[in-house]
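Presented below are the structures under discussion, each in the form of structure tokens.
Here come two complexes built around subunit A, the first alongside subunit B, the second alongside subunit C.
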Partner chain A sequence: MAQDLTDRGIIPLRIRALALLTATTVILTGCTGQAERGGGDSATPRAGGTLTFATDSDPGCLDPHQSPAAAALLTGRGVVDSLVAQDPKTGDVVPWLAESWTTDERATTYTFKLRGDATFSDGSPVDAAAVKANFDRIVAPTTKSLLAAGFLAGYTGTTVTADRTLEVRFGQPNAGFLQAATTAFLGIQSPGSFAAGPPASCRKIVGSGPFTVTEYIPQQRVTLARRAGYRWAPRTAAHQGDAFLEKVVLSIAPDNGVRSGSLRSGQVEAVGNVTPRDAVALEKAGFDVQRREQAGIAYSLFVNSAKEPWTDARLRQAVAKAIDSAEVVKTLYQDKYARATSVLTPTTPGYRASETSTSVAEATGLLDAAGWQAGSDGIRSKDGKRLSLRWTYVSPAREQRDLLAQLVQQQLRKVGVEVLLDPAPAGDVIRRQTSGDWQLNDISFLRADADVLRTVLQSSAGGRPPMVPDSALAAALAEGAGTLEPDVRKASYARAQQRIAEEALAIPIYNPTYLMGTSDRVRAATFDAQGLPQFYDTWLDR
Partner chain B sequence: MTLLAVLQRRVGGPGRRMPPVTVIAATLILLAGLACVVVPGHLAPHPPDAVAPEAALLPPGWGHPLGTDELGRDLLSRVIHGSRLSLLVGAAATLLALLGGAAIGLVAGLFGGLVDAVLMRVVDVMLAFPALLLALGAISVLGSSPTRLAIAVGVSNVATFARLIRGDVLRVRGLAYVTAATVSGVRPAGLLLRYVVPNVCGPALALAVLGFGVAMLESSSLSFLGFGPQPPVADWGMLAAAGRDNLADAWWLSTFPGVAVAVTVLAATIIGKAVQDRRGVQ
Partner chain C sequence: MSWARSGDRSGIRSTMVRRRLLSAVTVLIGVVTVAFAVVHLIPGDPVQTMLGTGGAFVDPAQEAALRHELRLDRSLPDQYFAFLASAARGDFGTSFQTGEPVTRLIAEAAPASLSLAGAALLLGALIGTAIAVLSRLTDSRVLGSVLAVLPVLAMSLPAYWVAAVLLQFFSFRLGLVPALGGTGIRGLILPALTMSLPTAGVVAQVLASGLRAAEHESYVLMARAKGATRARVVWRHMLRNTALPAITLTGTTVGSLLGAAVVTETIFGRPGLGRLIITSLNAHDYPVIQGVAAVLGATMILISLLVDLLFTYLDPRVVSTAVWR
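Moving on, here comes the complex of A and B:
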């Protein structure tokens, strides 16, 4: 399965395999949040030039229908358009290839009316039949879609009602479909390119976007060339017509030092997935670093509340109070990642601040009250049992999560809680999570909908115990999932987050953030609603 | 050809004797390493896992002679505590290689014939692979922990010892007094213990000292690749690996653990050579 997603990719799907198993409506969409450049955009955009962008991971497969990798989104976004677009600032869904759409009340039937002028780069028209071919292809088992098919959960078929109108039907409510349709995962590709089979699409995709794939050399680079005659940009774009850049070269450089070094030396104009430490150094050297907080579940720790003695809420609360997330983000992330203020990140619709204050004294008080006394080595115990947590985390870790684990271990040691670190390959970690045989666990999860709390924390797919078994939380999340009424959803998700904080069911640490470094020639390098860089509006100054 | 076999040939070959100063310096270094293994708590200025976020990534200076890491942990203390794992794993691996090699070598040398042929072909196959590759394969199967690291590295060096010991056994067996002992009715077991083993011991021990350096180098390499002990405990290889991401702005993180490995391996090699010189073995 796609390693990129968890280990090297931009999308922090720590428990990606679980997600694929359980996510019926995983929606990788960004939403609100600022992504503008600091300044310098007042000048008139200049067409032409080649932008070389160093990215950390090879997409492996360029086709977002098949690949769940963020790298496939990064390349795919410029090549394929979607039915609808999402405004990175407001999160609103706006027309793109579809000029209008309607939904039935139960969110089981979506009717789209396509614009009349869009064509694929191979010359064929973007019509209703082409859209049907795309959705049918995504759910076809032969496509082996790792993520996109999940967005079409319950898909029963598409009916072409006229040349440019179609109906997408689901056997069960799929409220998340419209947002999902804004992503390149459900982007519309030329049906003509499907004939050669899925493996061929991995090497080259054909869409109606402002760029076309001209070259893909695995582990080296993907080259995109501007397509002449592009006239159907969504209104979320800063301009209409052809892209400014003549060519975009996505150069693959997994090593962090190499990426920031190539920006410094002028070999590339922009770099993605900059580490916080490199970001500080780049800013000192006069480069721009833009950050975008991603939507979904913040990087959080979970104490297994189904396992003794952690069924006692006081113990979990003590752990939450003893962990100093401010120290973590300052030490490891130079404050480039913000401290999490809820289990959801602030860019997630439905987010509500629900913080636990750090206090060693309160933590100590709670542990004392629960009857756990410190032994000779400083670790507390009760009835001969040590107060310890085994933490199985993915190794090799990204975003310095291995160091984070060691820092948290020391923080908890101060209040007499022992943490046993157990780095393991991703597969082992997932197996433990699935079997319920875990004590302390860490995840983050990208999805711009508060329903992610239900699909990730409450999932019992495949008979596994839910990660956070709590009836009050389950009730609040079920209420949010059962309605399309915005106010009701908001209230229920606020209750859910409050419940999680009060009971210390999750301990939020930091908000995952995408950092992009650019040279001073690069203008209008912005993020799309996914929180990934997009190049349609980007131009190069002299 | 394993690194150990190469080293054995190079170092063991005819050449200048080691100057005494070099040997003394090497001995002192190994003794210092031994002290670190035995009483790290008394030598290290700080606990190895005490984090101090306000002192993160300090360059070498008075308070922290080797600087600090991302969490503000004192690198000198971590190197001193790391010596225990690095050196013990090296020693355990060497012991394992020596014992395993001795068993194979003695059996092959004493029994000869088909047994010898079969065992030596197996040894040939093992020698054909770089030891590090063998160890990597072994640890991938075994899983990572210091004990398994020692086993993997030890197994990967068995062949070199087996080959050396078998050669010596053959040499000793051909000596007149061994033939005399055989003729006078000494049983094979007695022959082995009284005549063969003492004669084989010298070269094997000299190789063991060399082997210790090589084993440490290999175990550090494997740790560097992530097959080492569990954090926050770290051996030298892990420390060097952990510093990779910050090479540009915190050179000390990878450099000093690397120097510790290099110096120890060098010292072991020098002493190994000196032992060979003294015993007059080649």
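Moving on, here comes the complex of A and C:
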């Protein structure tokens, strides 16, 4: 998601009455986060045609086993199937390549029974041996997996018990595995394609999905072609059988203005990662803008509660109350991104609203009570120490997060808290995060499972200090990670979110939202559970 | 030009080429060393950057294995000499991101950048010459002052702005050329035009002032006296004499051309060396950054060598005064 630079003042094209009508519907439903489908669902889908989709970034490597990039998911999702699928509406895990599965109580052994008819596009069968080859490959050091291997934390091996049955085993509980198995990161690729080595997979992946990769020109485009004879779509899909689109061309255009201009001038049918400002302009010009809140950790600020004086919960609560996230989303994101209502986004299974109300008066009261008095320049201090926070954030920033930092700086100044802005290269920010050398920090994280709270906020891998050290939170998250019992998980994650809000361990700001602009020919442009566009059900009207 | 013996001149020329090549190798080693140093000075660790926030998922043993796999666990001098030794054989290692040989990535990206830079240089020279000649030939006061301002404008407009305006007008409004993924000449026109402007500005300014100064040279008066038309004098006599500084300066704009390539290639969604280096920088892909820097450095050195050589053909004095002895 690139930074929104400027609206280039493009003159609106013809406004079609029908398109305007659908766009309005999208705005209305969009407010409730339900706008997952383009207009005209009632019509009969038409097969054929090429969808050109302009996206902002090149995956660099197409193989989701290796690459951690969302761009690799966007291209890979139509090409590789997964053992299980996740319903974008309910978050439920449903059968896909595996028709059934069981797990032991501690979530250490998963037994999958595969369906009998699935084949890879190279003709080989999707059998238990192929699945084993995939998981073994992901954890092999030579694969240099940057994310997928992490989902298999504690993996001790896969046993093929029959042609179509297998057991995946972990040395420690891994309740997050099942949801992770729904993503393309753990998608099942043809073992035949592994022989050429990981670099070759970066150029072409072979899976059992409804599309195949026919062309990849780095930094320019990825072309996917429909595969004939696809019969194993999960029931979360709107249809069964072959995909409707004959070809999908993912054209890479990093510049926001170029992407929306290409849509307006009819050079492409759909554009991804539309900026809120461009979304407003596109809607005015009669285009549909689909929005989907992405699952995972909302864009949130974190005050390092291990550092004095921020060990005092009152100070963190004051900061949380002084930050007006409603103003942030209105000013910077034209309300196209919703204000966050919990550290998890509403599309994440296990989400529970746990808000902190904005109140400058309450914030002031808390700071006064804690003994911090305003000095001559308005900044509070106590025992000769100024109440200030250094914020090291990634530059160049995406989603205008640099402007957001300035706005928050102004908001906190009103209550006497000083924020020192320190833009830095990504590597530097990450180094500070992992070493604990930070005061104010901001992140968002894409993953459709509440366990993301444990893996991101509580990770102490390699002896690094966890981002949010809190024993009550740790207990709630450990309980959720140790079971697959839906009710127990739900309750423990509700407790975790409550704890985070009460103690102001995280200050949620906005829900990262994928905005997709489409022309009026595009039908059923939908999102997967991760919140990324998928093209299997999409079709083009005349 | 009959007074200089041609055999002499080619001897001097080859001495010059030898010496310049020798110094080029030294400069090149300097360039790759600086590239290595700069890459390692970028704050942040490549492995942690690659893992990103996702690093939270990866256990330390995996991280260490990755570090070892990428040979980042060796000492810095060790990495440097290993890099120099393989670079001398034309091997820049493999990309951290994809594991592919850096030379392959460069070979893939280079043709697109070369054709873009070549087209931009050619276009820049043509536009610049046209402006300069026209400003000398015109009698219109208004046209004259417009032509005097154009070069300054061409040099000072930022590439991202020019690209946006060109796209807006020729692609989005008129639909003459595709904004994305254009191939062949149609895809090359707008990006080449964007990148040609600084070169056009330099050429126009230098040529125009040269032409102005040459107006009162005796050879011009002579030609005029013999009855040559004004246009013929400018084309046949004055241009050749004033071309030298313009050519040198065109050579020096190649550097800024590469800078503009980063912006231009990004906006037009074209593959190329500029895109390659910017994505590698963001990803801390050390081998690719070093490889591209070395190749670009070598290109710059080669171009300045060619410019010097071209000089010896255009101006015999360069050789006869034995600057290169």
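The rule is simple: the second predicted complex is superposed on the first by the 506 of 542 C-alpha atoms of A that agree within 3 Å, B and C clash if a C-alpha of one lies under 4 Å from a C-alpha of the other, contacts with A are read in each partner's own complex, and residues count from 1 in each chain.
By our rule, a residue touches a chain if its C-beta (ideal position, glycine included) is under 8 Å from a C-beta of that chain, and two chains touch if they have at least 3 such contacts.
All values derive from a computational prediction rather than experimental measurement.
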Message: Using the superposition on subunit A, tell me whether subunit B and subunit C clash or fit.
response: fit
Query: Regarding the shared-chain residue A:G257, is it in contact with subunit B (first), subunit C (second), both, or neither?
result: both
- prompt: Touch check for A:Q409: first (subunit B), second (subunit C), both, or neither?
  reply: first
- line: Of the two partners subunit B and subunit C, more of subunit A gets touched by chain C
- prompt: In the superposed arrangement, which partner chain does A:P199 touch: subunit B (first), subunit C (second), both, or neither?
  reply: second
- prompt: Touch check for A:L332: first (subunit B), second (subunit C), both, or neither?
  reply: first
Query: Touching A:G350, do we find subunit B (first), subunit C (second), both, or neither?
result: neither
- prompt: Of the two partner chains, subunit B (first) and subunit C (second), which one does A:T275 touch, if any: first, second, both, or neither?
  reply: first
- prompt: Touch check for A:L421: first (subunit B), second (subunit C), both, or neither?
  reply: first
- request: Could you say whether A:Q267 touches subunit B, subunit C, both of them, or neither, answering first, second, both or neither?
  value: second
Minimum Cα separation, subunit C to subunit B, after superposition on A (Å): 6
Message: Give me the intersection of subunit A's contacts with subunit B and its contacts with subunit C, in residue numbers.
response: 257, 261
- prompt: subunit A touches which residues of subunit C in the complex?
  reply: 42-46, 48-60, 62-63, 65-66, 68-70, 94, 97-100, 105, 108-109, 164, 167-168, 171-173, 175, 178-181, 265-272, 275-276, 279, 282-284
- line: As the complex stands, subunit A meets subunit B at residues 256-257, 261, 275, 277, 281, 327, 330-332, 395-396, 400, 402-403, 405-407, 409-410, 421-423
Statement: Listed in rising order, the residues of subunit B that touch subunit A in the complex are 49-51, 53, 56, 70-72, 226, 230-232, 245-249
Task: Please name which positions on subunit A make contact with subunit C in the complex.
output: 8, 10-11, 54, 58, 60-61, 66-68, 141-142, 144-147, 149-151, 153, 197-199, 202-203, 217-221, 249, 251-255, 257-258, 261-262, 264-268, 424-431, 433-434, 443, 445, 455-456, 459, 461-463
